[in-house]
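Chain IDs A, B, C and D follow the sequence of writing; residue 1 opens each chain.
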Amino acid sequence: MRNVFKFFQIALLSLPLLAMRQDKPLRVIFFGDSITQAGVGPTGYITQVGEMLKTKGQAGQFELIGAGIGGNKVYDLYLRLEDDVLSKKPDVVFIYIGINDVWHKASSGTGTDLDKYVKFYEAIIRKLKAQNIRVILCTPTVIGERNDNSNQQDGDLNQYAKTIRDIAARNSLQLCDLRKYFADYLVQNNPENKEKGILTSDRVHLTEFGNKFLAEKMLDALLQK
Amino acid sequence: MRNVFKFFQIALLSLPLLAMRQDKPLRVIFFGDSITQAGVGPTGYITQVGEMLKTKGQAGQFELIGAGIGGNKVYDLYLRLEDDVLSKKPDVVFIYIGINDVWHKASSGTGTDLDKYVKFYEAIIRKLKAQNIRVILCTPTVIGERNDNSNQQDGDLNQYAKTIRDIAARNSLQLCDLRKYFADYLVQNNPENKEKGILTSDRVHLTEFGNKFLAEKMLDALLQK
Amino acid sequence: MRNVFKFFQIALLSLPLLAMRQDKPLRVIFFGDSITQAGVGPTGYITQVGEMLKTKGQAGQFELIGAGIGGNKVYDLYLRLEDDVLSKKPDVVFIYIGINDVWHKASSGTGTDLDKYVKFYEAIIRKLKAQNIRVILCTPTVIGERNDNSNQQDGDLNQYAKTIRDIAARNSLQLCDLRKYFADYLVQNNPENKEKGILTSDRVHLTEFGNKFLAEKMLDALLQK
Amino acid sequence: MRNVFKFFQIALLSLPLLAMRQDKPLRVIFFGDSITQAGVGPTGYITQVGEMLKTKGQAGQFELIGAGIGGNKVYDLYLRLEDDVLSKKPDVVFIYIGINDVWHKASSGTGTDLDKYVKFYEAIIRKLKAQNIRVILCTPTVIGERNDNSNQQDGDLNQYAKTIRDIAARNSLQLCDLRKYFADYLVQNNPENKEKGILTSDRVHLTEFGNKFLAEKMLDALLQK
């Protein structure tokens, strides 16, 4: 009898815990630019992460939220951090930003200097860490798919990617090294050294397959412990 | 008797108020870029505002603080707003930013798009107004002193200046229209249409006389009611 | 008798001259960029100059040739001067170049420095004058139709236009001051200070009306003596 | 007697020919930008090629001429080709241009689009080949000495270098692949991955050692048959 009581006691105590694990999925925000904005589309990478989780029977454990706005640079993320991320109380935030910071230097004269990029990037991290949010840093993917470092912005993208790797190391944060994954893939799978058409449709934005490729990497990072 | 008591009561209540008016000068922060950073130098414009106030016997009424950092654009001000301005509890803040936002487009590909400029500018204003701080908006001065709109960045500077005038009107804020003051002065006082050497030493940064000219305009704005 | 002989002598001498005036129309080449490339379209400015000449009954006196290529800057004109102009032995050449030299600074980082612009411009002029070709210099029109010098490139365009006026004066060449004509028109006819839609469809390329306006100015310059 | 006379006659006729072969060294022009302009300085690469030839006892066989002007891009070479190269009737011309074509995109918005770069490059080659001049094409060296393709302009420089290799192949011209030589050297000899200080003093312009390294490569190319 006593044991039975004890059992019930434990069961009762456990209920909220079980409930929490069942009812409250991990809230994951993908924070970025137009690639992330498109990520919630029918074939977008966030949608595909969701489908992959469904296949794994883990759909209920995660709530995926896209917070991408086209044309965004690192300082735009900083400006809308409160409204679009912190106010939503996420458990995990992917930061995937940098392509426009580099690209807009050439296309409109309004890119972001590397030192300022770092300043805003780290300011975002500080605010997320202050809320005990798990932060995953993504290196910028590509502007052009040539696999021999001959796309116009390759030098700059390599530099910004290295910097993000340093920031991750310095802050003991998880890294999702997208630029490396893309580069490795393109060395193997772009024999004609084309500028686009493999993972991107226009040198930057992802094809359905590119979204799938990205989704796999994001999912790996998310599930990694 | 009762009236006497009341009188004393009022007097006692007024004391701290009177004291405050005498003891606590108005704290004024000049928030900007390299021009403002140089403004606290021996002949800088902030120093000269201080000297002008001394001459007027009003030195004790104002505490002038320079918060300028070279190379700053509007988003840099936003990033350091808390640390360099709000934490100091100012009564008045001059915002004098925009030259690098325009200039860096051509010089390093890292200027600021006008729509982003407005977004950050208004975000700064909102945070200042939330603290009941009196805000004075300054239009950007010059990049080149030619007086016929033939300096490379004149079109862009005119556009950003117009936008600041609109922001001031929209938010019912005081405007210190430096670009107009400089333009009017140069029409009268640059007969050879030189690029520099009148108010600036290098097309942007101010000569001692340029600092004096600016100081007069800032002082007028500060004392204006 | 002596007088009769003299009369015949004059008549004989005049014959080739008359013949030349009747048989050989003045060959006019418009040498420029995309605006000139579009100039030979159904409503393009060169086509409209042709129609205006027809109305005046002077169509037979002029042969109009468009030599415009989209994206061209002054050095592109220099590169194709022999093939596209000199080899055609024109009598008159309009040089209408400069918009891309300014515009591409911001849009792709590949504009033309003013000093180089002058060098190539004058090199073109020298080669044309060496063939006794009548040269008419056109100032660049607009990038944006705002009438208060607040289009991004206005400062630069004003600078390049001034430089062309100087080149014309220095070389005693005819000037067709298109930028001034456009500016004057827009002050009168753009009360809402719109960026486009008056003379241009997209801030740069001309509407049918813009082409007509340009055609009138080109025709005036051509017929001016 | 007659034969003797004939012999002398032949000998006399041959003398100038022999003399010419001995007295008239191969005239070599180095055609380029500021690096080539500095190349004729006391420790410049052209000066060092001369000294290397002296050591080899071949100084008399070559006349080395520097034709470099700071800030030059490919179209500047085209503009001064007649005056600075063709008029001097060279036997060999090194074309070493491209750094400013890439660099000025970011530093002043006045770089050269790749397609235009090719057009002017090939126009120069055509004019040189029409005079039967031996042409040696040099790929652009570096803007920054990091050895992992993370200098800002590496992508663009790699692209322009590849293009020059293609032009050389297409036109069956000799290539002096400076960018490859520099890259290979820096992989071996820049263990700290520094931006400058190995072959360059400022990321672009050569140290004395950099000039020596370049001189060796130029000499190899010159003597190669």
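Quick note on the criterion: contacts are C-beta pairs under 8 Å (C-beta built on N, C-alpha and C of every residue); 3 or more make two chains touch, one makes a residue touch a chain.
Small disclaimer: the values here were computed from a predicted structure and weren't measured.
Each of A-D and A-C has its own count of C-beta contacts, and the greater count is at A-D.
Mean C-alpha positions place chain C and chain D at a centre distance of 40 Å. In terms of their C-alpha centroids, the spacing between chain A and chain D amounts to 47 Å. Annotation: 53 Å between the Cα-based centres of chain A and chain C.
Taken residue by residue, chain C touches two or more other chains at 105-106, 108-109, whereas all remaining positions touch fewer. Contacts between chains leave no pair untouched here, as each chain touches all the others.
Residue ranges of chain C in contact with chain B, taken from their complex: 105-106, 109, 144, 148-159, 162. Chain D meets chain C in the complex at residues 75-76, 78-79, 104-106, 108-113, 116, 119-120, 123. Per the touch definition, chain C reaches chain A in the complex via residues 105-109.
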